[in-house]
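Below, each structure is written out as structure tokens.
After this come two complexes, each holding subunit A, first together with subunit B and then together with subunit C.
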Partner chain A sequence: MAITTKPVRRTAPRLPFRSLLRDWQLYILILVPLAFFVTFKYVPMFGAVIAFKDYNIFKGIWGSPWVGFETFKEIFQMQGFYLALRNTFMLNLLDLLVSFPLPILLAIVLNELRIQWFKRGAQMVLYLPHFISWVIIGGIAIQLFATNTGIVNNVLKSLNLEAIPFLTEPVYWVFTYLGIGIWQSAGWGTIIYLAALTGINKDLYEAADVDGASRLRKIWHITLPGIKPTIIILLIINIGHMASIGFDRPFVLSNPLVTDVSEVISTYVYKTGIQSARYTIATAIGLFQAVIGLIFLLSADLISRKVNDQGIW
Partner chain B sequence: MTSPSNARIGSSASGKMLDIALILAITIASLLCLAPMVHILALSLSGNSAIMAGKVTLIPLDIDFTAYKAVFGNAQMIRSLGFTIGMVSLYTVIAMALTIIAAYPLTKKHLKGRDFFLFVIVVTMFFSGGMIPEYLNVKNLNLLDSIWAMVLPGAINAFYLLIVKTFFSSIPAELEESARMDGASQFRILTSIILPLSLPVLATISLFYAVGRWNGFMDALLYITNSNLYPLQLRLYEMVMNSQVNSMLEGIGTTVPVPESLKAASIMFATIPILLVYPWLQRYFVSGMMIGAVKG
Partner chain C sequence: MNRKSKRWSAGLMAVAVSTSILAGCSTNNGGNADPSNQPSNQPANPATEAPKGDPITLRIELFDRNNTPTGAPPITDNFMTKYVQENFGDPNNIKVEFVTVPRSQEVEKLNVLMAAGQAPDLVYTYDTPTVQKYVKDGGLTDLGPLLDQYGQNLKAVLGDTVLNYGKFDGVQYAIPARRVLLPESTTFIRQDWLDELGLPIPKTTDEFYQTLKAFKEKKPGKSGDKVIPYSHIDPFHNKPLQYSFWEWDKITDADLYATPDWLLPGNKEAFRFLNKLYNEGLIDPDFPLSMNKDEQKYQKDLINGIVGAATANTNEPVYQGYLAEVYKADANAKLVPIDPFTTPDGKTPKALYSPNGLYMFVPKSSKNAEAVVKYLDWMAVPENFIALQNGTEGKTYEMVDGVPQVLDNEEAKQTLYNYPDYAIILNGKLVSTTDESLNIAANASDPKHKEFTIASIELGSKDGVIKPSVTTPIQAEIKYATTLKEKTDEIFVKVITAKPEDFDKLYDKEVNDYMKIGGQEVMDEKRQAFEAAK
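Moving on to the complex of A and B:
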């Protein structure tokens, strides 16, 4: 009967441990990574229940008594929480407005360059800031923008202009935060668009040449429509992440004079949780943000399915 | 790669003008990218009096290597550099090993429970316990203030794992068949057939892991209080940022102000390793990003 091995294998495992017997080596291989995911990802995920408990270090997570939604009632009365929530949305929204269009523009310009060595060199330079850590960027920002010692203000002063408090006045700080974000990410952000641009059918350009279309017209009528799906999907993904914000960037750029605009959820959780050791409160804030974030992400996915017939993952 | 519109109308005057405008725009953008780094480099090499007078812009004045001597003579800084190199190496090796042994079984479609394993892994891309539960987890495992706190919790990135898995799946199954006929174990097939054929993707993902770990800062801030275990980023943060915040608040800080050139030299000290490897590795990063973009 068993002449060809494959069909037999497919019908054979009547015994439940048959596949275990055959694939035990594979199971051993995957066991360690799975143990890793359980220990370092799933345990903390379930550890987030302390948001509903009166967590006590000595009693541990499971020994501490349940308090239901008490902690959430408490955080909804905290002014700092609303401020952090507002700032998170504000900075993310502004970031989207100013940081989103630039990579598109930059990618189109790069794509139009005809001298290949120049294009490659420019790409290398433009991608570089993406690889510099936020701590270093924060250090550089101080050297550039400090009111008294920064180079930019030194230049302004030498031109008899007034110094600008880039890092110490809330409104200016927001501009600095956005500008540094552009500096760090605009170049790297072009990669996806450049990939999409290579997928545009070259015949379209040749047909346009025959019709005598100018380059600007070709960009408008061929290049832009060609990357439109990519633009839309990235826009939706970005909106999906509106409620979550990284820690490093706001943390290293902020200082005590601008916390009114620079305190975001991630840094606020750090301050309440790690620095003040109010674990329950900080966990509840994190959980609240995760839920809002999930709602945003799922809505984005829904919109994407409507618009593109394709989810965002 | 060549711009499709290049071929024909290079000759028209308006086309030439546009070319010049484009080159100019990209040149300005590139200079804006580099200028901050060049300024820091100039500061780090300048004499203190020129810096205090605010004269140093992009070219070092009164060239002075004192700051670099101070950085290289600073035992803490050197210790942090050595520790960071060791930590990044350890992390990259462990992360790659775990990623590979997780990715390989997941390419086997006949493996019972494969979908469940994949689900377990993909969930972690969208959900996490959050900062505090993760902190408490590391604390409960007694990993605070040890190198493992920065190595283990981030040791597998689910996204990179999927990239590696996709690449492994693209290797033709026939290549394994003959080895299996000869009775080779799965581990043997993995190490002697799959891995040698996957070197490009393995190199790319190693780089992602290594650079992410080199630049990582938040976990060190949370988990490490023993200054002997400070990675470079945390050391730099303490030195450059904290002292600056103190002096910005009109010198309430008790610390002695750190000279600007020393701060600049420290920034360069932590950046130079990245700058050194970056030009050679850039294309790997881009290709890795492409794989990710196609996948995601």
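Moving on to the complex of A and C:
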């Protein structure tokens, strides 16, 4: 490199370097986050080769023999894997349908509130669950929703109603899972929308007032189009996460009676990969998951570009 | 210092000199420093020769159970670690360092440490598949020759039976701890409830069932509507009940070793019985939510006086202290160990632990295998294991009839709460290798509940069965153990909570699934291994 660039630098104008020289402080500043991403996001990616090796912890990554796609073949023969994959998609899809629109609705409602102290208070109450650890939420869920001893069912029983198996019947469990998810994260999800809402030009609302637009009309024609780009970006990102799922929520809420619907990829990897020290399996599933996620993300982006002329890049 | 500093003459760097002199100071109480002209950069040879050169650092795994009482010193710097350093480390010129690993994640953490090549010199785990995997991957040191050379005391305490559990393909890759007491679990019942209802102690499965029904109907004591006649339902603690339903005359040793419990003759009836208990409201109706996840739930219920009977780890109510809590919460309460689960011919078969405890081993990356064996051998001297299990005589324990009796004082509580994590060669208290009754007495750690302990151990051992074992690693088991354990939990709760009319269909379907996801492979391989080992 050095040999070939030297003569070039003497003859050619130094155009590409001029901005670098001028803004060198900025470039140094960006080096820090860049180093972070290289060290913690890109370097560990080399670990993905474990998926193609018969990884022996004592021989290390390079010392272990290559096995090609054997691990993937094994995974695709595992019954539990398909179940986990199906549940991951199912829970994520339902979550998207239910939990995605709610923060938008909440943000708009909060935005319409005129009494400042009430708005602040309501926002605060809605955020709070976000800061509670899932382990604690899991404990609360059992106290509240246990079929025979939970508070909710005790009330139902005292009213001579049938107890509802919130946590022990697969179908009810899915509802409980979704409901608790909404309770925990909907308030927090409003933050981005509220920020986007403040960016809408106030003149538009005033003009609409002059024209005699009703409140709902204003929401429909000004507020919603105003936050549309934000909604689309968040939707694409969410779709990109279709194949991946958090670990804590399904893990703490599940119990052996509902594993048919509660076993998802993250918990499955934990059990078959990490707990049994089969790192090859864990890595291969992780890699598979990343590839699926990428496909989803790119296709959502593509569709959005076609339909809305707007994507994330 | 004069005598010692002579040894440093052989061309050492200044830095090395200063550190070595410091080390020399701390080994003064060894008192047998021999002036010699050997260069000091040779590896120190503990126990047999005089300390010389830099001390080696021996790193030892230590479970962190997160249970240090308030006011007690940290687990890496307390009476135990000081005792080890002063009595083993200093005389041998070894610096002993304890490396903590969280108890609940020990296997995961150990795997990471092993993979990173940073595992301590002496590591241990209870998990057999993990050890087998390390052996298979070639990551462990052969301890056989070292044991022959340096481990005479250790061999005497452990005995050949125990040591054989640490041999894989004939090689001593691991040293198993000796389990002093073999019973797994014992059932107990509220004597005061029985008295209140005028019932005798149940002696058969049927009497037990009738007693539970009476508890449910009459709600004795302070229980009320929340009464749980029989609690602590999980696959491990229900073994005495399960074993009593097995048709033992149809089960060979090979079956007992290789066939999953689910397929053993009679097992289905055991679960039909549990299913009946569930559907009649005689066991904790929400047990699936806390099973294997929240042990506190059952203990809380027991302390709150709503549990009538339960099966727990033998003597656990005493050593975990919740028996005392029960008595504190209700002055009338009285728990007595019972042995109610009977076969048609009146036997009470139940599972016993195999006589080995955790596996101790040395990763290949360690250079201190010799020091590890010497450390364990040092620990096997009665003076040392008695100190590590009981503390200081006169301060934390007293000798009564040849048995160390732990004193009920603050210092004992702060010193001994995690002693098994240091005295790792033993699982349970040991006093004598010959007199078993002394050992039972030694394990009645709380003199106030001595009777409960002794009865628990006796009833927990009666007609006990140790499952046969084969040392060949079972590849399929290494692969599927976790998955199958999960599946076992799933079947367990599903068949117990099923509607009685669905029970048969569900049981067969679930067990079929179990065999499909690996159960069959494990069984076939185990059967082969058992035949081969004969």
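The rule is short, and it goes like this: the second predicted complex is superposed on the first by the 254 of 313 C-alpha atoms of A that agree within 3 Å, B and C clash if a C-alpha of one lies under 4 Å from a C-alpha of the other, contacts with A are read in each partner's own complex, and residues count from 1 in each chain.
Here is the rule we use: a residue touches a chain if its C-beta (ideal position, glycine included) is under 8 Å from a C-beta of that chain, and two chains touch if they have at least 3 such contacts.
Given the structure is predicted, the values throughout are model-derived calculations rather than measurements.
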{"item": "Partner chain in contact with A:G80 - subunit B first, subunit C second, else both or neither", "value": "second"}
{"item": "Touched partner set for A:N255, first subunit B, second subunit C, both or neither", "value": "both"}
{"item": "Subunit B versus subunit C as contact partner of A:K271, first or second or both or neither", "value": "second"}
{"item": "Partner chain in contact with A:K41 - subunit B first, subunit C second, else both or neither", "value": "first"}
{"item": "First (subunit B), second (subunit C), both or neither touched by A:A146", "value": "both"}
{"item": "Which of subunit B and subunit C A:S299 touches, first, second, both or neither", "value": "neither"}
{"item": "Subunit A: partner with more touched residues, subunit B or subunit C", "value": "B"}
{"item": "First (subunit B), second (subunit C), both or neither touched by A:N238", "value": "neither"}
{"item": "Which of subunit B and subunit C A:Q25 touches, first, second, both or neither", "value": "first"}
{"item": "First, second, both or neither for A:S185, with subunit B first and subunit C second", "value": "neither"}
{"item": "Residues of subunit A contacting subunit B in one complex and subunit C in the other", "value": "142, 146, 149, 167-168, 255-257, 274, 279"}
{"item": "Subunit C residues within the subunit A interface of the complex", "value": "107-108, 111, 114-115, 129-130, 133-134, 137-139, 226, 285-286, 288-291, 293, 363-365, 478-479, 481-483, 486, 489-490, 492-494, 497, 516-517"}
{"item": "For the subunit A and subunit C complex, residues of the former touching the latter", "value": "56-59, 78-80, 142, 146-150, 167-168, 255-257, 259, 271-272, 274-279"}
{"item": "Parts of subunit B lying in touch with subunit A, wherever the complex brings them together", "value": "1-10, 14-15, 18-19, 22-23, 25-27, 29-30, 32-34, 36-37, 39-40, 43, 54, 56-57, 98-99, 101-102, 104-106, 108, 110-112, 117, 120-121, 124, 126-137, 141, 152-153, 155-156, 161, 185-187, 190, 211, 214-218, 222, 233-234, 236-237, 240-241, 244-245, 248-249, 260, 263-264, 266-267, 270-271, 274-275, 278-279, 282, 285-286, 289-290, 293-294, 296"}
{"item": "Residues on subunit A engaged by subunit B in the complex (per definition of touch)", "value": "9, 13, 19-20, 23, 25-27, 29-30, 32-34, 36-37, 39-48, 50, 61, 106, 109-116, 118, 121-122, 124-129, 131-136, 138-140, 142-144, 146, 149, 151, 154-155, 157-158, 167-168, 183, 186-188, 191-192, 195, 198, 200, 202, 205-206, 208-209, 214-216, 218, 247-248, 251-252, 255-257, 266, 269-270, 273-274, 279, 282-283, 286-287, 290, 294, 297, 313"}
